């Protein structure tokens, strides 16, 4: 411990060495499995129109004579109550889930980081207090509850769902970055940079931000899973992707009406949700090993 | 001054740690004897296997990854390594005790000093057949123990948490814990390394007094030759899992034989925790693939051909001195 | 230090990833517990919570206000005439500007009145009184389940680390964490109720049983008080599946945190000290090891509790649990403005109180937090 | 030691699972014989002054008695009132003679005082079905005679009184709370949520809204309980539960924990499962007209030719065939079971693509350039099916149909304004009171346009005049004539697509006998007075 402290007070974040990082990551075979599964899922979702057996089933389509078929060779996951192929719909469902996760993360993370850096770095107390008190308000209730309230008050659409969840998500990052920033605020390397006359933005981005990269990346990976859960939960209530577009949560809710006789309508979409979240979590574990995220 | 009957006898103890890359052969046939009432020092660089040795004696080696691959440890004629699990606590409660290196971490942070101390006293008393002890009795015993170690205001200390005490005070608590009853053998693992020098001195004196008073044998583990010189009768020098030399303290300091010991003595009194800086070149070897033969040979100024291939046994040199070096025998 | 103290100090930031779960243990508190007497500390925290809840109500009110839609029309249904709708609009001040609406709401709140629900057409206080106990019963039950099972598996997995049990618990934890509670609910329902037919699927007690007279609102407790053991047992059976589906993820989570904390602590010198000084193994594990290991587990409990409440929103729907969470979802879907504000505030208040309790409990468990001198 | 501990703790973990194996069945044995469990909707408001949804009406028909009762063929018969007349032939002044000896649940007798008070209460509250009746003033003539004076002449007024259930005045006033209605306080609105003040065949025992309502048989019900056959028994105890999860309901039905299910929103698959399951079956109750409103104010459906093209393009038989085993048949502008129904020729009832193309050619829109939006209520699969079918059919004309199913609150709100109402919106309409007016007035009268009952937004003064004229016509045959004329006009304006009409389907256990009478309107059929239990079949 003593030696580590003595070495320097400079940036702790190491330069990212890709092959070394990969080595650390790949030491956990489960993480590699998770990454593989995720890559397959993402590719399948992107290429859905080309690889699913019945791409037209992802939209409005009926074929009553074919409805309610148990899983078979033509329909791997069976068909639903109006005769649509559940497998094709699950793959298309991934599209909406992943899209949701990506949009939410790419909206909320930059916002959270910027506000967190500002709040942590600024010398204006009112700004710091203001930003942090606002995050308090958003963090005062579980994200699902507030997202549910907001989506319900807006009309139920994927877009609104994205907005509501993003609104719930930035405070986590804001607080994370804020706490790192404010703890580094008075470190020597920050003072050094200030003395050399670097601009504030430069200091925040070049000196402080690299220290947050590890936890942020790990958190993003795991949050992807969380956001997908949240999205599925909302669409389970009927506040997500609107039918006849396939949302995984909606499919679970619709299929649940036909339990237990036609179990495949529920079980496969449900397993699909579990699978994608599981793979994100496994990757998150690998990233943790990679960045060795410990107490900051 | 002290009887010659051995209290603890370690014979050819070998311990290895299994890690992902292979086996770390940390102890490589350690031989060590402590007689009743004797004060013995065990000196070596950081990482040479001192702590592993006493952990083996106490049977607290984390296993896995550690594995005892050979040897015996006789305590009053019984092999500790062959004891059944349920027989061990009786030895721990009344026979052998220990003080660890870091007083900061060896006290449980979430219980009061009094609670921890009293529970330990209670179990040790039970071992001696004293079943029911009143709380008051326990408390006064604890307080008097603390007082013995020179602690001011023991009543208050008993109610405190470790975090509220300074390092020196904590180490006094550790000593109280270790000497709660009259034990036969005390293993003290660098008890003062993390304290500042003035306090080190106070505590060592106090510890010495207590041990003398009780007639307890003590094994001092340290990397400080200064401490050894003042407090022990006999010294073992350890290098990379081997005992390289043993002698009466005075003889050792006047006539060091092993090249390592000689190098070690040259560094006195500037010894720090950062390895041997002046006397000996190089670092302690990698335990994964330790050098064949004498483990010291890569750093040795006097190395011979035989040293590379053959592990030297302990050669008797005079009455009380033994050395593991081919310079002194074949 | 001085600069920060006005703003609040980040006591501990920890982003731990364990068994696929990220713990946002961003225990941020405005006030350092060691700076104040306990009473003063509680007081300050409560005031802070009040401020947050005030902001929250403003936020919800604002969002509800800028959203399109006419709650009065939704409430009265399709057969209502325009006059009926207009009358209701005036009654609930929907025709007034936002600040005036908020003022009216705040004024009646100070009188302990949360307004009327447009959906149930009753005072919201009455609704809450009716539905809240059912949810609390469920949440507490699953909280206890997750606590007990999480601790036991965590301690076992930590103590027997790298054994088959540890591997099994890791596997279960991955799956538990990756399964949303509503999916878990459906799976449990499918297996235990539909396929095996073991456990009743819906409601708090069987349909034809009459609920016991209300004392606490917790059916199991109430029926025990009334001496109706059959009803109590029936209630217990009904609560198992929903409570379990809420608990599984948290069993997994708490199990992993406890495990890693045990593994952390078991290598600490003080454990060896206890062992070497002859303290029996049982005491070492269940006293000296467990107490410090509990600290991280307890400190994530507030968040756990919040997540259980949030997940109850879906699980109650699946199991038709006539509780607060199902009520909350229904009023949200029905744009019942007053009720939405009320349910969000109730969740926020519960969360704040639970967090406060957790912080106090942690400070008692961990003298390092309680006794550390400032600036250390 | 270590191993033992491990095994012990693992065993400890497994103990709770012993719970899972205990059987449910023995515990559910009824405490009293003849319990009927009925499924309803989330929150029931069992107050005649506030009841509005059909779920409320179903419950109210059990707890209260209406002034007049419908007949199975859609006419009126005496109930609390023995006879009624328009005073001096004036359609705005009606006199009702009350039946003597009718007892409320507390044993007191129903008088004109109670009836008049109940009407005043309904009017003052301005909730529930008050809108249907218009402005009414009540006057007590003597103990058993009451006069109602209307603001506008209304020949249909007696029919709307099937939705008027007198309350016990003394009981209501005893239980009022302070409120905005002066001396009447809150008119006991709160109290009546959890109690009843009625004279119906059942008395409320307990009600926790959103959860459960329980009622027991009222032995002094004024129509009397006929001596049951030895193998039959009247229903002693009613328990209404609120649950709408299909899978759960099916499980409750199959395990005989649920005797009557009258929520009725099952999908075709589930219906088939019910028919195939021994021990339970379907009962056909009041008819519902499945209606797809066409918004006439937004493009492209503001063009009558375009609308007609839609009507000709839809393949009526495709879905109707699927439902014909359950009683589906061709739908009309008003529900069957009402007098005065005409099968109007202009309304298309078969797919005719040639005609559809012809109409499309006449319209001002190019099919390639327009998009039609279809909304249905989330979760109603049968409605979605219609949309999907229509989508496939319109595709043949090159018209794109967009389908979405928003949840009910959003859906009904969309329909509150013409510009937010989608081109096509789908609903099911039952008959509320036994008169064609039940369909006409709320769907086509210019003063009522808007909302789900008239999401076509078509304002036609002539419709209004005809509806008013019918209301002013005393002679019922003349009145029906006017309605027939009206239906023809409506059909030619192509305001709605009617996929089919299907009776409301209740799922019942085979040991339920009933309903003795099937009424075309919502409510009376569900009065459990109308049902019995077959003791030979009940296990």
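Read from first to last, the chains carry the letters A, B, C and D; within each, the first residue is number 1.
Following the convention adopted for this analysis, contacts are C-beta pairs under 8 Å (C-beta built on N, C-alpha and C of every residue); 3 or more make two chains touch, one makes a residue touch a chain.
None of these values were measured; they are calculated from a predicted model.
Every chain gets a centre from its CA atoms, and the centre nearest the mean of all protein CA atoms is that of C.
Comparing the chain pairs A-C and C-D, the larger number of C-beta pairs in contact belongs to A-C. Here the CA centre of chain A is 22 Å from the CA centre of chain C.
For the pair chain C and chain D, the distance between mean C-alpha positions equals 39 Å.
Remark: chain B and chain C have CA centroids separated by 51 Å (rounded to whole angstrom). Each chain gets one centre point, the mean of its Cα atoms, and the points for chain B and chain D are 88 Å apart. Of all residues in chain B, none touches two or more other chains. For chain D, residues touching at least two other chains, in rising order: 1, 245, 247, 407, 410. Within chain A, the positions touching two or more other chains are listed as 155, 238-239, 256, 259-260. In summary, the structure contains touching chain pairs A-C, A-D, B-C, C-D. For chain A in complex with chain C, the residues that touch the partner chain are 30, 125, 128-129, 132-134, 136-137, 140-146, 148-150, 152-155, 172, 175-176, 178-180, 182-183, 215, 218-219, 222-223, 225-226, 229, 232-233, 236-239, 249, 252, 256, 259-260, 263, 266-267, 270, 273-275, 277-278, 281-282, 284-285, 287-288, 293, 295-296. Interface residues of chain A, counted against chain D in their complex, comprise 60-62, 64, 67-68, 81-82, 155-156, 238-239, 242-244, 254, 256-262.
Listing the residues of chain B that touch chain C in their complex gives 55, 58, 60, 62, 64, 89-90, 92-94, 97-98, 100-102, 105-111, 116, 119-120, 123-124, 127, 161, 163-164, 174, 177-178, 180. By the touch criterion stated above, chain C contacts chain A in their complex at residues 4, 6-8, 10, 12-17, 19-22, 24, 26, 28, 48-49, 51-53, 55-56, 59-60, 63-64, 67-69, 174-175, 177-180, 182-183, 186-187, 189-190, 194-195, 306-307, 309-311, 313-314, 317-318, 328-329, 332-333, 335, 340, 343-344, 347-348, 351-352. Within the complex formed with chain C, the chain D residues making contact are 1-2, 6, 9-10, 12-13, 16, 19-24, 27-28, 30-31, 35, 37, 42-43, 45, 50, 52-53, 126-127, 129, 131-132, 190, 193, 206, 208-212, 214, 239, 241-243, 245, 247-248, 251-252, 255, 257-258, 407-410, 412-413, 415-416, 442, 448, 451-453.
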